[in-house]
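Both complexes below contain chain A, partnered by chain B and then by chain C.
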Partner chain A sequence: MRTLPFLVIAALILVGGLFLPQFVGNPYYFFAGYVVLQYVVIATGWNILGGYAGYINFGTSAFFGAGVYVAAFLIKAFGAPLPVQILAAGVVGMLLGVATGYLTLRIQGVYFSIATVALVVVLETLIHNIDYLGGASGMQTIAPPAPAWFGGQTQYVFCAMLVLAVVAVVAARFIERSWIGRSLRAIKASEPAAEACGVPTLSMKLVACAISGAIIAIAGAPYAYYASHVDPLSAFSLTIGLNALAMPLIGGTRSWIGPVIGALLLASVQQIATVTISSEFNILAVGIVLIAFVVLAPEGILGLIADLKEKLRRRGARP
Partner chain B sequence: MSEPIVVIRGVEKWFGGLRALGPVDVDLKPGERLGLIGPNGSGKTTLINCLSGLFVPDKGTIVYDGRDITREPAFRRARMGIARSFQIPRPFTGMTVLENLLVPMDYLGSHERSELERADEVLASVGLAARRDAPAESLSQLELRKLELARALVTEPKVLVADEAMAGLSENEIDDVLALLMRLNDTGVAIIMIEHIMHAVMRFSQRMICLETGRIIAMGTPQDVAQDRQVQKVYFGERAGA
Partner chain C sequence: MEFLDLITNALVSGVALGSIYALLALGLSITFGVLHIPNVAHPALMIAGAYAVVFANARGLDPIVAALLLTVPFYALGIVFYEFYARAFEKRGRGNTLQSLTLFFGVSLVIEIALVVAFGTDLRSVEVPYVGRSLEFGIVLLPYRFLVPALLAPVVILALWLYMTRTYSGLALRAVAHDDRALSISGVNPVSIKRHAFGIATALAVLAGAALVITGPVDPFAGRVQIGRVFAIVVLAGLGSIPGTLVAAILIGIAEALVTAFLSPSWAPGVAFAILLGTLAIRPSGLFGAR
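Our next item is the complex of A and B:
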């Protein structure tokens, strides 16, 4: 997609979404839509490190949970408004990404992934032991009231998440097409070759960790507002970590639109399924679909579409 | 005589208890064509990894252009003008051929001409112009080797190391690559050629070095090295026996 049409579509979605509360009455749609958009942000953030640079983060929920608790802290301590919570979560996520990257990226690939799992445990344990944030049982988060124009808390956080999703996707697309994206893909293909081409691989991986960490943490920030109660179990939930990698892998990791497709599909199905079926079944289903894709369509839905186009082109070329 | 552009002194590289390389002393003059031969496992690639910065030597120093670069990271050496190709091609998959060249160009200091023009020129010079927009995954073995060279050339290096750039190629293809490297050398680039194909490396080199278990056992003109008794024994002897 060319840049101008892309930006026009992004702007239309943004404006359209912001006016949605004026036309749609039932808050349930915003309640469910929030989760879908949240996963668009998470999957997009994950893909910058996992998809472009090839460093698989199993600990997405550590970054998400950090965002949740930064927001919860700011609400309790200062009654800070949502935009401030989001910015602060972004900064914390970025620092967390750089710290994790700095400690683990000197060693290669798989050790990074293992360290990200450990990070979840560390942060969750930390929160368990902070009484001010409610410890293991969590805490109420009574957010300042939403601006009247949005017609309700749920509508307000939905619109906030929509803005974040559009910003995250625009950023991911920009990164993908810039020298940063090229360097990250070079790193994924071969780190020695990238170094030999002048790419400062360690710095570029840290940049990817920082951006990815910031975006995922930002996705967690409005949660305190949305749920008005935070607890370690839901903030650091396994579902977040699993979905974060399943969505890009199912959609396709090579391009910004892959995680978007994966998140829209998977999160929508899950939203429908949670109403009808249990959430344990949800995790099982995601796991099975993920394994099926990894085995049968490692390039995700984008790969399947590319294969199909190629087949049609060949058929067309035959006399 | 001009000052050497690369001065390697007493360089050693150990893997566990095994000394894979050294100590070796090697000089390379600006614009020189140096051939590096030796049986498999004799330390040729290890030497090149020390020069290009993928390995830090355990002992010794490497000076480039008057500057000690022994501990300089690989990406900085690349930007200083030390380029290399890999023995096993390492294309940037997930990108087109052109994008492969843009990766090193992203870090080039000066942009005298437009980047794309320069990339197209290099692609034409290695004979990859027609494959410009093809995904790197779709290249043949020959094309992959050409891509390795193109990616090294596009940064206008002062030193190029070609690690077995001709392995597995046909006679015609070998002539192609040789001619390409000769043309490049005409522009003043010093080239270290690691090669098993004897007639190619002898034709190409002004000077040759033979490594054996990490040590230099012969150095001199291609004729001298090829006729050296020790070289005959370890290199041709092994080859003939194999």
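Our next item is the complex of A and C:
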């Protein structure tokens, strides 16, 4: 997609979404839509490090949870409005990303992934032991009321999440097409070769970690507003980490649209499944879909489409 | 002296705990340490093993005897599992970490939910005469439910270590990690060795499961808390070092016991991970690993 049409479409989605509360009455749609959009943000953020640079973050929920608790803290301490919470979560997520990256990125691959698992537990343990933030049982987060224009809390956080999703996707697309994305792809292909070509691999990985961490953390920020109760179990939930991995993988990790497709698809299916069937089978379905995609279509839906195009082209070339 | 009591008991229970952790990590030290396959499904396999032991125990079998018998089907399961993995990846010549990690992640979810479907989400435990009683030795008080699996671990580790260092197939197993090409020149099929190694690792998972379920009741998701801990042990030990696994596990066990005794039990889960993060940052090759 060219840049101008892309930006026009992004702007249309944004404006359309912001006016949605004026036309759609049932708050349930915003409730479900919020979750789907939240996963668009998370998957997009994850893909910047995981898809472009090939560093698998298993600890997405650490960044998400950090965002949730930054927001919760700001609500409790200052009654801060949502935009402030989001910005603060972004900064904390970025710092967390740089810190994790600095600790582990000098060693490669698997170790980084394992370290991110560790990060979740360390942060969760930390939150468990901070009484001010409610400890293990969590705490109520009564946020300041939403601006009247949106017609309700749910509509307000939905619109906030929509803005975040559009911003995240635009940022991911920009990164993919800039020198940052090219360096990250070089790192993914071969780190020594990238280094030899003059890519400052460590700093590029740190940049990717920072951006990815910030985007995932801002996805967590509106949660305190949305759920009006936060606890360590749901903030650091495994489901977040699992979906963050599954969605880009299903969509395709090479391009910004992959995680968006994956998130829209999987999150919608999950929203329908949690209403209609049990949440256990929901996890089972994700597990099986993951295995199937890894084994049969490792490049995701984008890869399948590319294969299909290639086949059609060949068939067309042969008279 | 109360302080002396506290610290002695913390040390003793730390060593026992660490010994059990070593058993939990042993299978992974083969798959991840020797074969470099990041098998995040190992803890889930362990829980599956624990459930199999519970099932046998309900029919009157001692959990350790049951686990020893179950190593045979689990060995076979491991071979099937490796065959699947190899067909999906290694033969296509792609050692992509993302994809194999994701595959194992998916497998562990499937195992967990299969257990939920088969047994429900209730806690399950084994019944043995020694559970509930404790060994009292001076000021030391150690429940048998910790002591028995803690004694099982060094035996298994010793057996594995002897196998790895004293037998031909153990040697081949260590060689496959270094260079499978060279191994195939000397007339050994590296794929069959890897399959065998994966079988052993899976058989060890059922022993680990037995140890875990003697220590305390398990539910289908009990493996999740262990993922980080077992990886922490394997990395801290230095990849592939069997005696290192015991030392690293005991260090982590002691650290957790001390934190539990002097700070609060709620801090304990973070200990292994903090040690792991520290190890990765300072000495990624681990205690006994070659640089």
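Basically, the second predicted complex is superposed on the first by the 319 of 319 C-alpha atoms of A that agree within 3 Å, B and C clash if a C-alpha of one lies under 4 Å from a C-alpha of the other, contacts with A are read in each partner's own complex, and residues count from 1 in each chain.
Keep this in mind: a contact is a pair of C-beta atoms (placed from the backbone, for glycine too) under 8 Å apart; a residue touches a chain by one contact, two chains touch by 3 or more.
Note that this is a predicted model, so its numbers are computed, not measured.
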### Message
Under the stated touch criterion, name the partner, chain B or chain C, that contacts more residues in chain A.
### Response
C
### Query
Counting only touches as set out at the top, which of chain B and chain C does A:L119 meet: first, second, both, neither?
second
#### Entry: chain B versus chain C as contact partner of A:A189, first or second or both or neither
first
### Message
Between chain B and chain C, whom does A:F19 touch in the aligned arrangement: first, second, both, or neither?
### Response
neither
### Query
Of the partners chain B and chain C, which touch A:Y28 in the superposed model: first, second, both, neither?
neither
#### Entry: Touched partner set for A:R254, first chain B, second chain C, both or neither
first
### Task
For A:V110, select first, second, both or neither according to whether it touches chain B, chain C, the two together, or no partner.
second
### Query
Does the superposition put A:P200 against chain B (first), chain C (second), both, or neither?
first
## Note on the structure
Check: chain A residues flagged as touching chain B and also chain C none
### Message
Give the list of chain A residues in touch with chain C in this complex.
### Response
50, 54, 56, 58, 103-104, 107, 109-111, 113-115, 117-119, 121-122, 124-126, 128-129, 136, 238, 242, 245-246, 249, 253, 280-281, 283-284, 286-291, 294-295, 298
### Summary
Per the touch rule above, chain B residues touching chain A in the complex are 52-54, 73-75, 78-79, 83-84, 86, 90-95, 99, 102-104, 106-108, 136, 151-152, 155
### Summary
Residue set of chain A touching chain B in the complex reads 179, 182-183, 185-186, 188-190, 192-201, 254
### For the chain C and chain A complex, residues of the former touching the latter
32, 38, 88, 94, 96-99, 101-103, 105-110, 112-114, 116-117, 224-225, 227-228, 231-232, 235, 264, 266-267, 269-270, 272-274, 276-277, 280-281, 284
